[in-house]
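Pasting the structures here.
Each of the two complexes below includes subunit A, the first together with subunit B, the second together with subunit C.
Here is the complex of A and B:
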């Protein structure tokens, strides 16, 4: 009887363990599926908001425009239909707000009931016209042609240089500046954090007395526990004005400020992991080096660092991983201008900062909303690649001294 | 004949506990001296005095005089790097660096400022030949030292120690982690190296001490119980503890 109870109990525990691991795995998989489902939805949509249309003269041979072409037309960078594959005819922009200039109030009707006719009339009389109008004005009695807009595609999404998802008439979804911004800030952070972190970990692992090490290590680990918004606040109050004064800039919110804040945040990861790696160097190997007449420094850079190379690399990559995904602090100090950066002293905008800043104002299910999920997918792919690299580097056959 | 290493009333303390008590032994050049005794008797600690490897441990206090080639090596201005060039060391477990075979042997030269490739090649080859390893590795000098067998690794470590041309070689149980064939090779090597170097070897293996050494010192609980010519000490020990140890009553 007791035996039976015992085996039932064991089965119960086994079942509980199985259940919890299944739930965890499922949750992760579901999150990823959700992310990608929403993200991929971006590429099924046109960059023109639902309920609006672009209309032209019915004889205009142009049938389809891309988001970029629409933007250039409305910014008057493209002024001839020839540029977008039409006839040699100049483009006339028609704004619905100016309809009063062309038609009298009575022609339009009291409740705008004749507006479709007016628009038809206008497009018919101006062969080069293009108008951005509400779709309901293109219904009954409309004689112009409604243009289709090219759907957002993945190569455009990644290579376009403009991120302006709320632009009218067509949303501009180019994530290149965001990807570059993310990479710039992270790269700068690593440039600062790696030498500092490596130096600190070498100091802690090899040079200082255990006493100081026992004070330093918890302190550095404490750094990892500070909320990122506090780092952002610190950056905003100290680093940003500092950079502004130091380089005599109009604004201090730059990629450099982001890099410095991120570097400070990545330091605990880099230091703890590489220090652990340095300390795994067998004592015998250090002794062998010293016994051959090498001094402390020679031993450190000729034996200890090469021996713990894979650990240091893993530490660095994990540090980058943290930097790339970091949101709040970066959002606060980088200035958030979605332009391709040319130097560290320019504002940039990173992917996570974009998501955090814009998701609240993007209508759910809309193009903007989905585009932000697509950004999340890109971020996910980048960090996953980083994790895979870490796995590969740290599993690389370690030189085992027997 | 002049002694190459002398130790006079050496005491060593790890914090409060005393690991060596009044040890006085002198070593003749071109001899092999074996330090024997049960574990924890202080023989390795004693060996590590000669190249100041004990410096790496915190809280060590040493009294007494230790000279190498006539110089007191525990003075404030002693050049430890210089000392360690003169006094090479081979450790208990083979501990090659995570580098190629060539770079392992060249390491000591490189850290001492030799970077000329032809000199390096020449000395690496010479050292590997001395360590009886050249024929086995001459075609794979660029390979990682970890690809060698344990015995080969240990001979590599000996070659590495020989490359900087020391006059003394300390061996801390150099064959204890090796199989009998590799052990025999190391012992043979010790015998050959004697003509050029002074060797001090710590060993647990009494037969090994009997085979390779000219002199033997028996340590017990931090004290030097007996020292003398190996044959005499083994055949006719003067102290009862020595006798008990070498006849296997304890140890």
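Here is the complex of A and C:
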């Protein structure tokens, strides 16, 4: 009887364990599916907001415009149809707000019932006109030509350099500066945090006395408990003006400021995990090395570090993971200008910061919303690639060591 | 699919909660962070007067509020911009009629570092600076110093308003720095010598300098202050909106009437916005 109870109990525990691992895996898979489903929705959509269209005179030979051309036309950087493959004729922008300049109130109608007619008229009489109007006005009886817009595609999404997701008439979705900004800031952070973190963990694991270590370790772990907004604020008030003065820059919000803040944030992870890894080196190995005549530094360098290599790698991955995915602190100190960075002393915009700053206001299910999910996919792919590469490299190294 | 389930669940919870408290005023307000402090103060004052009323105010941004409004998970959406065409069409598709009320106005100040000797700019000059065509202060009569232009994030209603009314609907330049919050903007402008930025009136502080602005090509420069904003001589004034469903009109009426009353408009001034009258 007791034996039976015992075995049921064991089965129960086994079941619970199985269930929790299944749920976890399922949740992760679901999140990834959701992320990619929303993200892929970005592509094959027109960059023009739903319910609007661009119309031109019906004799205009231009049929299709890219998002970038539309932006330049409405910013008045392109002023001739020839630039976009049309006739040599200047472009006249038509804006619904100043329709009063061309048509009297009675012509438009009290409830704007004749407005579609007016727009139709206007595009007919002005061969160079381009108008951005709601699709309600381009129904039957409309004599102009509705332009098609080049749809968003993956290569454009990744290679274009302008990020204006809320631009009217056409959203500009170029994520290259964001990707480079993210990599740039994370790279800087790792460059600072890895040597510093590794040095500290070696010091704590091998060199210092247990007394000092007992003081240092909780202090460093405390660093991990500080909320990231606090780091961001600290960066904005202390590091940003510091960098500005030190390098005599016009602006202190730079990639470097972001890297420093991220490095400080990644340090506790790197130190704690790699220190734990260093301390797992069996005492016998260390003593054997010392007995063979190696001094302390040689032992650390030739025995302890190679032995705990996988632990240090794990620490690095987690550190990079934290750096790449960190949002709030970076949002506050990097300036968030979506330009391609050329040095560490320039403002950059990272992917997490972009998602955090923009998701709140993006109309749900719209192009901007989906584009932010696509950014999330890119971030996911980057982190995954780094994990795989580091995993591959460390596994190879172990093989060689044997 | 998953979002649909969560939305349905959320709506079910909301319905069951609201069914509990049917005869008391129970209003949920969600949306713009700009309007948030105002709504909170108004709700507080209102609830002090009406003990049975229960008003919950949450921020998140204009777009979040309107999205929740379309889903039906909030009674009032507060917004610092007009509803977009796509959002209107979603409401139309769902067969929901809504009403729009302007509850207060907000004036935008263009600010620079106090060390900057420039005191006034024309709209055209500001447009040049924020579209990236003017890059040095000496081009507008200042010292030989690089201009560092700060903007809010594109999610901000203030961003859209500034673009429409000051930049003449042109896009911001790519090198413009984007700040996540108004407080961060004030901090950065106060510590960067060549900085220029824009903030809501209520956030004005002594460590930055507000510029006089001209909308008539430099004939008259108007200082941003309450009097000039109220008599409409200051050009950069924007309305703050409340949206509610026509079928909820009875439910929200007492609260909105209170905001539009003299007492409610006094609160508007206290919070730092411009009252309607």
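Please note the rule applied: the second predicted complex is superposed on the first by the 333 of 402 C-alpha atoms of A that agree within 3 Å, B and C clash if a C-alpha of one lies under 4 Å from a C-alpha of the other, contacts with A are read in each partner's own complex, and residues count from 1 in each chain.
Everything that follows uses one rule, which is that a residue touches a chain if its C-beta (ideal position, glycine included) is under 8 Å from a C-beta of that chain, and two chains touch if they have at least 3 such contacts.
Fair warning: this is a prediction, and the values are worked out from it, not measured in the lab.
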Subunit C versus subunit B, contacts on subunit A by residue: C
First (subunit B), second (subunit C), both or neither touched by A:250: second
Subunit B versus subunit C as contact partner of A:302, first or second or both or neither: first
Contacts of A:282 with subunit B and subunit C, given as first, second, both or neither: first
Touched partner set for A:192, first subunit B, second subunit C, both or neither: neither
First, second, both or neither for A:337, with subunit B first and subunit C second: second
Partner chain in contact with A:291 - subunit B first, subunit C second, else both or neither: first
Residues of subunit A contacting subunit B in one complex and subunit C in the other: none
Footprint of subunit A on subunit C - complex, ascending: 2, 60-64, 66-67, 70, 84-87, 89-90, 131, 145-146, 148, 153-157, 159-160, 169-172, 174-180, 184, 187-188, 191-195
Interfacial residue positions of subunit A with respect to subunit B in the complex: 209-210, 282, 284-295, 298, 302-303, 306-307, 399-402
For the subunit A and subunit C complex, residues of the former touching the latter: 30, 34, 49-52, 71, 74-76, 95, 134, 161-162, 164-168, 172, 177, 236-237, 240-241, 244, 250-253, 331-332, 335-339, 347, 349, 353, 356-364, 366
Subunit B - residues contacting subunit A, complex: 51, 53, 56, 58, 81-82, 84-85, 88-89, 91, 93-99, 107-108, 110-112, 144, 146, 150, 153, 157, 160-161, 164, 177
